[in-house]
Amino acid sequence: MDLDFTPDELAFQAEVRTFLAERLSPRLREAAANTPSVFVEPDITREWQAELHAKGWLATLWPREFGGPGWTPVQKYLFEKECADAGAPALPVQGLKLVGPVICKFGTPEQQARFLPRILSGEDYWCQGYSEPGAGSDLASLACRAERRGDKYVINGTKIWTTHAHHANWIFALVRTDASARKQDGISFLLIPMDQPGITVSAIVSIANDHELNQTFFDNAETGVENLIGAEGQGWTIAKYLLENERGGSCAAPSLLAELGRIERAARDVPADHGGMMRDDPHFAQRLAQLRLEAEAFEITELRILADLAKGRPAGPQTSLIKLVGANLRQAVDTLAIDLYGYEAMQLPTARPLYGNAAPEPIGSRSAQLALPRWLNDRAWTIFGGSDEVQKTIIAKQVLGL
Amino acid sequence: MDFDLSETQQLFRDTTLRFCGPGDTAARHAARRQPGGFDRARWQELAGLGLIGLAAGEGDGGLGGSLGDCATVAQALGEGLAAEPWLECGFIPARLLASRAAAADVIAGSTLATLAFAEPGRRFRTDPALETAGGKLSGAKTFVPCGGAADLFLVTARHEGRSAVFAVPRDAAGLTVQGYPVADGSHAAQLVLDGVAHGEPLAADLDAVIDEARIVAAAELVGLARRLLADTLEYVKTREQFGQPIGRFQVIQHRLVDAYARVEAAQSALYRALLRLGAPPAAVKGFIADAAQWVGQQAVQLHGGMGMTDELAIGHGLKRIVLLGKLFGDAAGGIAAYGREAA
Amino acid sequence: MDLDFTPDELAFQAEVRTFLAERLSPRLREAAANTPSVFVEPDITREWQAELHAKGWLATLWPREFGGPGWTPVQKYLFEKECADAGAPALPVQGLKLVGPVICKFGTPEQQARFLPRILSGEDYWCQGYSEPGAGSDLASLACRAERRGDKYVINGTKIWTTHAHHANWIFALVRTDASARKQDGISFLLIPMDQPGITVSAIVSIANDHELNQTFFDNAETGVENLIGAEGQGWTIAKYLLENERGGSCAAPSLLAELGRIERAARDVPADHGGMMRDDPHFAQRLAQLRLEAEAFEITELRILADLAKGRPAGPQTSLIKLVGANLRQAVDTLAIDLYGYEAMQLPTARPLYGNAAPEPIGSRSAQLALPRWLNDRAWTIFGGSDEVQKTIIAKQVLGL
Amino acid sequence: MDFDLSETQQLFRDTTLRFCGPGDTAARHAARRQPGGFDRARWQELAGLGLIGLAAGEGDGGLGGSLGDCATVAQALGEGLAAEPWLECGFIPARLLASRAAAADVIAGSTLATLAFAEPGRRFRTDPALETAGGKLSGAKTFVPCGGAADLFLVTARHEGRSAVFAVPRDAAGLTVQGYPVADGSHAAQLVLDGVAHGEPLAADLDAVIDEARIVAAAELVGLARRLLADTLEYVKTREQFGQPIGRFQVIQHRLVDAYARVEAAQSALYRALLRLGAPPAAVKGFIADAAQWVGQQAVQLHGGMGMTDELAIGHGLKRIVLLGKLFGDAAGGIAAYGREAA
């Protein structure tokens, strides 16, 4: 058993570090650090995306022929880890990690030629249309329908939780093309331009005052039949591929450990009620140690999956746990932060963004100002992408055979 | 032995719930957009119902309500998801301003008063470091509840070797007020006092009022937890996924039983605190805050994405819970202090 | 809202205290304190039962006409609380609290005259035959059958978890008298003498080395038809009455609080690793305070039910919680104890009893010696009498309406 | 990067599991009834398989296994629910007796040696208070693992200002041994030393061996937790109540997912400890012990009454977990110490 990387892998790691040191600007670092929402605003990600695109490191999950870097699982992991350690902004996943791989896999050559370069260049900004008000955890019951009329599909219905729909010019959506089929069977995977009169985007403001989410309404919206991915009725298969592709090679622990390190350092300067600093408060220190142990174990769990992938094995049953454990750990770390900062953690600014010159002055530190909005927004981690409850049922059935 | 509400308490409870109405989030948003994030008209309405007067002594024109009476109102405000800072700007000033002329204006709702007790770098300590000197106050206060809108600050300071409270109007010379939004949408304030003249200290016992305020906060927390549990029970009975109401899923049922157990334990702890038996108020408030926050988190989780939005009342409830949980000390500190006490 | 007792109630409380001070012998106190199992051995309970019987305070749940003291709910509570505070041994519930009230309610005058006095006198010692190897939480699926032949029932099958069956001369059992009926309908409530060749009692030793439980086998065992309680097929109704009668007016919190007090005092003399005593260890003190808060709240919950009963109201939905909360709290208190005593809590004596002259010498204190057997035996609290899982489903349906 | 067992490790794992057999509780009961609660024949068999030698250096006639090799065996012993004190009387003496003649007899299984480290009134401290004086040892030791059966005690003492370990045979003049049964059914001992002559101290570093022992204990805990989870999964698939296997109930499914998550986290924490990255061994062992104890409690709960009986292996596993959880310090202490460390 070892955690040693090969000389080539270490050289790659060094190259990534050098690149980050040179190209990741203070403005990007600041924006990434001071974004309390799950996603980073497009003006920031576009800038970082351009840097990575120029280097050829942007579409890490795409095959080399479509512009991917052709990395091994270990290289992908090292890249993610170095980016997390350096505090790089998270990239918009919808284009690069969700619809991109789907188009690579299921798209026609024409679709690939049309869409993939525009994802890489940032010309297209994508959002995802999966959930509906009546179909959250239970996607198979979705009702938004697309009706073929000549060379167009006409879409009617609504999608909810459409992250950054207010920034996007394209949406990929699961739509019902055959109402008579069995629940999963009548569903298709459709690409729809956002800039048309039939589409209305209605903001959903989060409990932390952030605007990431929207409800998107389709009222006789249209898209060309050439924008159907795969065949009609193949939507469920494609959706499952998308989900599985998203999994594996995750790298959440480094950022959690980094966050715990920041909290620990901040605690050295927060006075406790009974003398000394919060870092020395026994109850706080116990919780910190407990979370460090959990995050340290979690990092090894991620590496165990990576080691399997690197040996060409399927990622194995542990992958299903990653979302579940990572989400809960993130919420626990956020809770430690709001408990650390005391009254300063009670500020909840309404203005956005919290970086740049227009950001509201924090009470105490910027970290204290970020603590509560982050805690509130991160409640979503155990809900989105399959809630804890759904994940556990999947693990019980698929891993434990219950 | 009797845990029922008295007739008067039942009356105050009904009045309070009627005042709260159905917990309209649009009205709440409107209030938060007003200057200082505060709705003066609603506040006057609340005062007009006698709800501030309840906390004041009869000599001050109040109703001389017991702590139990006040807890009844606070719990009802929690259940009603009220946006009004009744605890911060009603109960506490009414108690502190006993036998002061200002009490009448506070009771009438025309003066919005608040306690300025927290100080930068002093975490949850309630003994002030700020000291009087030659009839003047100089120093800083932070996290002054509803300070963004308040007319009158009740400023704690060390005076002649003891903790004291001084009434300082918002327009006092040398006082700078900087408001900022906090968890529940209200605007707290930072104060900078630069040689602000002070009069005689208030007669009330600061520590005793803070302990009472912890119990009243605990009562509001119990109400909030009850409301979020009730809303969630309602939601899971109607929200369908996978072909049935999600309340039919066993894990959701058992989770809600755990929530119910914690709400009932919180209610019992509150009763015990009102009887002044057992743990000190800071520990009881901590115990109840932990329960309420857990229930609130489950309420968000079980509402799914909807629970994360500013549209539902759920999130407002959770944020008020978080704020009350920290007010006058958090759960860890309160329980730790009880741990240091002998049994 | 008040917790005040009336002058009559206070006078009653004083009378109970005086009685306990006079009649509860040191031997009984020692035995009660040093019994790590759920039930106390019959040689101890018989002695205590005789004292209470002489005073007329034995059968607190029975109507006055059958020998009950005719107490109000508050008196019952005060009596239980004073007994708990004084460290009196728990009485055998099977006769006094389970089958006794059933015979009072459903028995014929002949049955009442025959059985009730012998329960009071201690001449009869009862055990309960409910669960079977295939019917634990799911009692409706029980298989042990009783066949009527002339003036006798012939019983075949087995009952498990029959507490103190090795001491008992009577068992009350749920048996299937009609195999063709719907699951609950063919069940009857039957009294069966233990001292007969058709009954074999096989010991089940607990993980703590205690022998309380047994499996009881019926091989053409017999009982007279006059020992049927109620009618054939009425067993389920009677079983439900028995369960409900057991509930309400519970008084578990005082003994939990007393135990926390003992742990706290013991902790003053247990040295911690980093100087000082365990009482001052911040982590231990935090756990102690948390449990005290829980037990203090739990006591009020019990009193709230009592107040309802005293007003003649049904005990209300809170009663269902008592078993659930009390069981978990007890286990948490036990865990605090084993964590307090360190290595001394690792001793697990095989000899019994742990009181009297023959008790094995403890390593450290007797409390340390009791900690682990008690912790192990008390795992049963969340299993017996309706497991946590069963309780929660009942509460979800009956209280929360889910 | 590689988390697979080496071929040799796989071999040792297979050998160990074969040695353990199906976890026969009757055999375990028989062993516990022997003098000192210990089965010498089984121990010799274990030694004959080279499993004690694995932990000893090649110079002592051992196999010089790495800590990872030893953890593999310990985890397999846990999974096999072995009754043998391989950690206490195999691994630890083999490490401590390096380059002593006695090592050969320990490796051969003919001498049962054990570390006498705990002292009355010193809780979990591993620095001895007992001091050497004029070539003699006087004082008391408690909780000596398997001391009821041991032939040779490795007694810790303060010697020339440092912690040292001395080999003292059971029949040494001035030594009194009192055995008593402990959680896992083995017999620990109290020792009274009244001027027991000692020779040269052992060369090994006591603290380093104890840290290694904590990691090996953690490995056995991971194995125990895996076994109890596996047995419980098996049980809930076959045990029927309310007309279906209880493993079809959603709350039981989700509980077992939680157990699975904790077992995997424990396994990862063990790997990390073996790589000597991150938290110190005492903290990792604490983290793993908490996980294992929780899993063990769930295993008892989900087995219902059967889980409470001495007939099933479940209870034996839980009791061994509790004992290992306390050995060389409990979870609270280990995690607190890590909390005091800088990140």
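For reference, chains read A, B, C and D in written order, and residue numbers begin at 1 within each chain.
As a working rule, a contact is a pair of C-beta atoms (placed from the backbone, for glycine too) under 8 Å apart; a residue touches a chain by one contact, two chains touch by 3 or more.
What you see is a predicted model; the values in this text were computed from it and never measured.
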item	value
More contacts between chains, B-D or A-B	A-B
Most remote chain, CA-based centroid, reference being subunit C	A
Inter-centroid spacing, subunit D versus subunit B (mean Cα positions, whole Å)	52
Distance from the mean Cα position of subunit B to that of subunit A, given in whole angstrom	37
Centre-to-centre distance between subunit D and subunit A (centres being mean Cα positions), rounded to whole Å	43
Multi-chain contact sites of subunit D, meaning residues that touch two or more partners	249-252, 254, 332, 336
Where subunit C touches two or more other chains, by residue	282-283, 286, 389, 392
Touching residues (chain side subunit D, partner subunit A) in the complex	1-6, 68, 233, 236-237, 247-248, 250, 252-254, 256-258, 260-261, 264-266, 268-269, 271-272, 274-275, 277-279, 283-284, 287, 332, 335-336, 338-343
Interfacial residue positions of subunit A with respect to subunit B in the complex	131, 134-138, 141, 160-161, 204-207, 209, 213, 270-273, 278, 283-284, 338-339, 342-350, 360, 363-364, 372, 376-377, 379-380, 382-384, 387-389, 392
Contact footprint of subunit D on subunit B as seen in their complex	249-251, 254
Contact footprint of subunit D on subunit A as seen in their complex	1-5, 74, 260-261, 264-265, 282, 285-290, 292-294, 296-301, 303-304, 306-307, 310, 318, 321, 324-325, 389, 392-393, 395-397, 399-402
Subunit B - residues contacting subunit A, complex	118, 120-125, 142-143, 180-183, 185, 188, 190, 240-243, 249, 251-252, 297, 300-301, 304-305, 307-311, 315-316, 318-319, 322-323, 326, 329-330, 332-333, 336
